[in-house]
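Structures given as structure tokens follow.
Next, two complexes with subunit A in common: one pairs it with subunit B, the other with subunit C.
Here is the complex of A and B:
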């Protein structure tokens, strides 16, 4: 993660502020910064979304490709994640600097989605054992101001909502080999049900309190954080501890409860916004990257 | 607690004064300034095919035969006498390297800081070894530019009691072009906080010290918790500064104060919402126009 240097006195100021539930920008400990979401920003993908959370900007593109299903689960498709930390975000990511962070983020995403309910993988199957849809989810970090996990998970959920997978039908030709035909109509596609896609909430331990949506300065004052991925019903699909400091079991329990509460509250406004954006249809003013 | 999510909208900076398109002296890179060969080319220009062309986006300045282009958004170019707020990045043999948002790190020589107690003597080897006790990597200081080296790096000094290491507070990093040059950059705002508007774009907000204690020049950092009311004032000021910077309003004590006053109706955390920012900045610009007009 990009780091900023903070002086001792600034750390003390931030610590006392969090203790009194008044952070540097006036937020409480469980408030998020201003979020802006736009889908369908990249034209040559099957689904895309751009999320700006305060000063953190993340772009997700999803491409659907036909591949062979995994041998253990022949009637399911799968998702492949790749996170690219672009040098645009911070000079630390230049060259191979962002690789470590990128692999850590991708591995966490694999863990988060590694369950039967997040995405209906059976709907991605074309013919059992032979063909299935593989969704390549590519995440690009454009700007980094803390709280990458949350922004990435919201962007992935928005991009999955926006994904249009073309409908195929299989026909057998003369020799009995299966042939896959894509329908001619570009609007004839299948959408994914993203109700159960979880959102990640990062809780950082600063002093004795835990804080949601930290900025880089606040992150410099915290030694340990917990990430929890929560679905809209409050089910936790994955938890992970980051950072070199230690967390005692009681605070982990408290943080998990807080994370579940905050995570559950994220889904409703997100789905409402996505549906509202979709209902605007062609009248929506596309802002893109130069807004 | 619920996150405020919305669709993005195209942001237009609020501007009540004359539209920028009417000004004839703004150029972008590649614009031809003049085809007359009698002029000398200054910074920000180059000669292309006997035509003087701009290489940066900014306004054209002409002094007799010299034409230069002053860029609108640039790194801090220090002049002697500027007040800057910087962060120490390195502790070297007899000096500190300070980051001030310029092209090169600025330098603070050991001989340019006050010794504790205000002694006046030659710096010894022992002083060199205890440099880190005064300023470490990551510390914030306020200083004045003493001179400019030939390569453009700034040499600073904290030879007055009002400069030195900064204690508890909030740093806001903005563009240097937005800070207005004034007689003094240290202000005690009537709303209950103090501000240092560094010429390099770094603005430091801190709670007003109770009594003007024997200005130790920053040797003693007060780590007592700051009261909630002071904190709120500082957070509000910080958000107001970000709102003004987003709409490219020139920053000086009066504009910051007017913005603070226009924002009292809103909650501190709401100030950063786009529509609230627009409203506050519009009110501020109106007040400023009334004041000047």
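Here is the complex of A and C:
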């Protein structure tokens, strides 16, 4: 459900709780809900990840395709984003209902992830000006219970970590025409360096305080929110204010500081988890949606 | 009678094995789980071989959208079929809204109108949304099977399980539960949705050419396959109920 209706009394209850650093589900203001991550869940993608954050569930699939580099940056590949707000998440998204949110999300994701500081775009180049890898990052929203940005960014990072791009051999014939040959061996592949891929932290201003990882009920009480994309070193790469209300500069500063702190703390366990899962290799029991 | 095989693949070997090593009447492995999502009224995930689908049910609820949809004697069933953009080998541009998906939504709607006891919920609406996460043939059947479980999970009364299966015809032999390689091999195939207990057919669809003499055999094979699927679905539902009743302490 994309929105919920919350009564005035409930709002007061939530607001007073947050004032005392105690949220409805017992968390503190800077705590996340339970997160579950699994990579390599869709076998006909080059990389995929499923992330659940409380009741929010997203599935990200990445497909690598050979395309033409953008004329401005002939020696770099690029990423394309598409967010599918499916009717599975909420009946409101049926038909074209989810398109607006989908476009908003994919535009933000594009700004956050498609730059050379986040992903090594040069490594996606096959031959400058002619061929490059295009990574189609497709996000599928399966259930919405607030905090979509954070869940999606974690899922994208996990899926990028999982992405295996086949190695390419370029050979030229006598006339100088280049021929691209993909490696048949599934183990002969290129992995992406996801060290610098940022995660998005959404902070919501509720009353006089700000909280991370809001549920829909809390979101209904917040005036406005700020999304901050933070790398593992705590560098802020993108911020954006969302929502109808207004924020004063001082609280934006405070929220940025909190976002940096939370974001930095998010990366280390995420990477540890991903490496751990990777190290299990083929012995890992795939759970997917059956668990 | 020319039996497809345009790709030049041998779909049925002389020893009677298919491309993926199955026998002619053998189904792919069916695995399913009910109650995948908490927010929806009913949900289920089902994989049949490499085809994976998620079904979600909302309702019965008040009619959304146009009031002209209201039926005074029964509930309206609203279906949307969509495919994840990464579900196919070639990336899809749009998850839904193309002709094929619209047709598939319509088929699903017809299938479930035949099975759900809509007369119990006059003036209301039941939404069934199905999403293909990974596609390897038999999308329609997998969707129907997943949606059946989701409808049961939502507690909406049905006349019976609806089980669907596709069947192809190669070398005078009906092949049950086609995978993508077989489907795209130019085989004449038939999709059938069955209410197994009474042997009632909820949907029958066949777009290819087939000699009339073979039709009976093909439908017979499809019904057997559907009954096989039905058994698996029944097991899944019973297992789920057992789990839930343990949790609630009954």
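Here is the rule we use: the second predicted complex is superposed on the first by the 287 of 291 C-alpha atoms of A that agree within 3 Å, B and C clash if a C-alpha of one lies under 4 Å from a C-alpha of the other, contacts with A are read in each partner's own complex, and residues count from 1 in each chain.
The working rule: a residue touches a chain if its C-beta (ideal position, glycine included) is under 8 Å from a C-beta of that chain, and two chains touch if they have at least 3 such contacts.
All of these numbers come straight from a predicted model, not from anything done at the bench.
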item	value
Side-by-side fit of subunit B and subunit C on subunit A, or clash	clash
Which superposed partner A:236 touches (first subunit B, second subunit C, both, neither)	neither
Subunit B versus subunit C as contact partner of A:189, first or second or both or neither	neither
Partner chain in contact with A:73 - subunit B first, subunit C second, else both or neither	neither
Which superposed partner A:273 touches (first subunit B, second subunit C, both, neither)	first
Touched partner set for A:57, first subunit B, second subunit C, both or neither	second
Touched partner set for A:252, first subunit B, second subunit C, both or neither	neither
Subunit C clash site on subunit B (candidates 61-69, 205-213, 241-249 or 259-267)	241-249
Shared subunit A surface residues [contacts with subunit B and with subunit C]	291
Subunit A contact footprint on subunit C (complex, rising order)	31-33, 36-40, 45, 47, 50, 52, 54, 56, 58, 64, 78, 80, 82, 84-89, 91, 95, 97, 127, 129, 131, 133-136
Subunit A residues touching subunit C - in the complex, by the definition given at the top	1, 42-45, 48, 55, 57, 59, 61-63, 65, 82, 84, 86-88, 90-91, 94-96, 136, 138, 140, 142-145, 288-291
Parts of subunit B lying in touch with subunit A, wherever the complex brings them together	1-11, 87, 89, 136-140, 166-171, 221, 223, 225-226, 228, 231-232, 235-236, 238-239, 267-269, 271-274
Subunit A residues within the subunit B interface of the complex	5-10, 12-13, 16-17, 20, 22-28, 30-38, 52, 262, 265-266, 268-270, 273, 276-277, 284-285, 287, 291
